[in-house]
Amino acid sequence: MPDALAQPRGPTDRAQPEEMSRLGLTMYRLSLWLQSPRPYLMVVGFALFLGFWYLAVEVWRLPRFKEMPGITTVIKEWLSPNPTYGLSFHTAEYYQHIGMSIWRVAQAFFLATVLGVPFGLFLGWSRKFKEYVFPVFELLRPIPILAWVPLAIVMFIATESAIVFLAFLASFFATALNTMLGVESLDESYTRAASCLGAGKWQVFRHVILPGALPFIFTGLQISIGVSWFSLVAAEMVSGQYGLGYVINTSYMMVRYPTIVIGMITLGFVGYATSALVRIAGDYLMEWRVRELALAER
Amino acid sequence: MDLRAPEPRGGPAVTRGRILIDDVVKIYDPEGAAVMAVDHCSLDIAAGEICMIVGPSGCGKTTLLNAIAGFHDITSGTILLDGEVLCSKDKPKAEPGPDRIVVFQNGALFPWKTNLDNVVFGPVMQGKLGRREAVDKGRAMMADAGLAGVELNYPGEVSSGMRRRVEIVRALMNDPKVLLLDEPYRALDSLTKSVMHEALLEIYYRNKVTIFFITHDLEEAIFLGHKVAIMTTRPCKPKKVLTVDIPHPRDYGVLTSKRFRELIEETNDAVHEEALKAFQAGEKEG
Amino acid sequence: MAASRLNRILTSSVFWRGVASIVVFLVLWELGARSKQWMAPEFFDPFKSLLGAMGFKKDYLPWIGVVPAPSAVLASWTEVLTSAGYWTSWYKSFFRVMGGFIAAMIVGIPFGLALAVSRTAYGTFFPTFEVLRPIPPLAWVPASIIFWPTQELSITFVTFLGAFYTIVINVLGGARSIDQRYFQAAQSMGSSRWDIFRRVILPGTLPSIVIGSAVGMGITWEVVVAAEMISGGGSQAAGTGGGLGFFIWNSYVGGSYEQIVVGMISIGIAGYFSSELLRTLGKYATPWLKVR
């Protein structure tokens, strides 16, 4: 049987996961991870990738690769207190750009969640509402976010609002859709049981639908923040004055190649961190799910 | 065939929870495919009685249960609870309520609430008990059912047998007239099942409610029930109704008793016949 | 048969409610877009001052007031339908999408399956994959332009990236969720490793591949449009770029707002139809899922 698909085997003589506190649970899962070959394979994987980058660009100078910024150049630039192209860990500008992008994503994500989750919940809960509203929603959704750029620029007087709007739009569609699916895929036995037990409509909503759909909602939120970054970067590349997308674009225009890579890696890191934050928030709110999954991993 | 049941033995008589199913018909999609699920079914269940409904998968027994519970409507006929109309031709759908609580096939304990929170859900939502009193009562009932110690666990953390019991306690907290059980032990292994049967009986002896129990297991039916109704394949109606005259309180010793074996002999043919018909018709799991 | 189905759709209230809502949407849009006209009379002066006080332009409704009306868009569209440039844009975008998408399938599916089947491969390559994944595909555009010799290839590469991540994740998820019992059944019937791969893993993963492709297709369109705008729009060289993204950008630069909306809707339609096509193909590939 294929290795990766076999059930993982864990130690059996430890304290049972259901007796652990939240922190204990995390430490337990961490210890399991460290004892497996996984961390070491991971290092090998990174080494292969970075090694190839180094060799291809700087040592072997392969045909297309030699134009690219090499890994040593990038790292030197990134760490230098006086960078040739103006951006490194030591310059204030670097953090300005990061902060700008994060601030924009935060606004977009916040608005999208605050508007998208109730909208999605309502779509899932009320069939009538869905029949009236969903067709228009589905009509607008396939339009790629970037196709909205010129329209957004025309609609919003300030470029800043246009950029946030674009990130918001992408996020909103993802959040609303996933929330709706979460409500719809909830086993109807739960709502039936609740009405048997005498719960009124709002009680059912608060105690059954909302917590029941929460796992789906959080998956949607993780997708949504990814999509938000995607749109933000695109919008920043096309217009705008600060931000990581802007950095990447202008670095290219001004032939500052190492900075492009710095921008890309920073984006990757920040994107991952924000996504992880959402996931952690979800884990915190849904302890029952974490425990259920931990039990299944045994 | 006398549809009236004798008084259930083993405790004071119960006066509420009498269900009268009178000539009920249920047709799905009347203007389209017109599938008849229930065909002029009549059944009289006495107050406080355990009535077992046995039949092959997909025959329509769950439809009956759903009609009583208020999840589906009926096409014609009447269902009465203690003389009051639950649903009829003029009022095809009953209102779900805490007087008839369902225990679902795959379990419907809320996974995001602790066992205790699940158990006190009913009274707290209806405003019948304050949180404090509900918790006290809940703990007591759980202890009675052998569930002391798992109050603060989540349903996902305890065994499926325990989950069933928690669900039953959750229902009983509301002092219902009727408990509707839809093949609750179907997913359990037979060892756990036999223990669950005794547990259920014990809970029943303490809280007299009418029990409407759907199963496909004839032995389970005769072991638990006062009355066993064997249903035909779809569309369903009672093919044979049996009164089980083994006295309550019962224990697993009953399973090897002579009377038990006799009753199985009487009914086995009827059940097997319907099962064969269903098999040939290729019924999907209902 | 088909006639009765059509009949059922036409008589269902669900259908008409949907139609009603779209009509209402279009009407509101039309009204909003024409706000300059109906807001002209003095009757609206206090309302206009309120708008001004809130920081918006006073003569029309905020946001919707500058958007071209559906009627204007329709007019523009009928014009554009006869111009060759419009249809070349369609086909150029379409080719880029197909190129990137097919490349993503060819590389992504085997890669995903390899990760699913071999624990070592997963442990080695998945972390790197996960680290690269949060970098938005568009951030790769400049790097891609530097690396690839032609603009076409660079756009296709970025498109490829967009779909690649999605497909791999879906394939992985699908392969892992195959019920253990299928493996056990195959082994008990004496299958070799290769057999198991061919007859259990591959078909078992097919539904996820289909879903991954449909989603990946949507992402591909997003990326293509963006890439076209950025690379085609950034450089002012005539004749380069092309494609619907470039069409939109060009319309913006040329001041024809109606055409912008025409372009937007066109892409929406294109994206929707490609996803639907994939879903239908997928249904043929996985007939066993039709039941229930």
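Annotations
Each chain carries a letter (A, B and C) given by its place in the written order, and its residues are counted from 1.
In the analysis below, a contact is a pair of C-beta atoms (placed from the backbone, for glycine too) under 8 Å apart; a residue touches a chain by one contact, two chains touch by 3 or more.
What you see is a predicted model, and the numbers here were worked out from it, not measured in a lab.
Set side by side, the interfaces A-B and A-C show unequal numbers of C-beta pairs in contact, with more at A-C.
Chain-level centrality, scored on Cα centres against the all-protein Cα centre, points to A. Averaging C-alpha coordinates per chain places the centre of chain B 50 Å away from that of chain C.
Centroids built from CA atoms put chain B at 47 Å from chain A.
Mean C-alpha position of chain A lies 19 Å from that of chain C. Of all residues in chain B, those touching chain A in their complex are 69-71, 96-98, 100-102, 104, 106-108, 110-113, 121-122, 125-126, 153-154, 156-157, 170-171, 174. Residues 18, 187, 189-190, 192-200, 203, 207-208, 211-212, 214, 286-289, 291-292, 295 of chain A are the ones that touch chain B when the two sit in their complex. Within the complex formed with chain A, the chain C residues making contact are 13-14, 17-22, 25, 57, 63-64, 66-67, 115-120, 122-128, 130-143, 145-149, 175-176, 178, 180, 183, 187, 196-197, 201, 218, 221-222, 225-226, 229-230, 233-234, 244-245, 248-249, 251-252, 257, 260-261, 263-265, 267-269, 271-272, 275.
Of all residues in chain A, those touching chain C in their complex are 1-5, 7, 37-38, 40-42, 44-46, 48-49, 64-65, 67-68, 128, 131-136, 139-140, 142-151, 153-157, 226, 229-230, 233-234, 237-238, 244-245, 248-249, 251-253, 257, 260-261, 263-265, 267-269, 271-272, 275.
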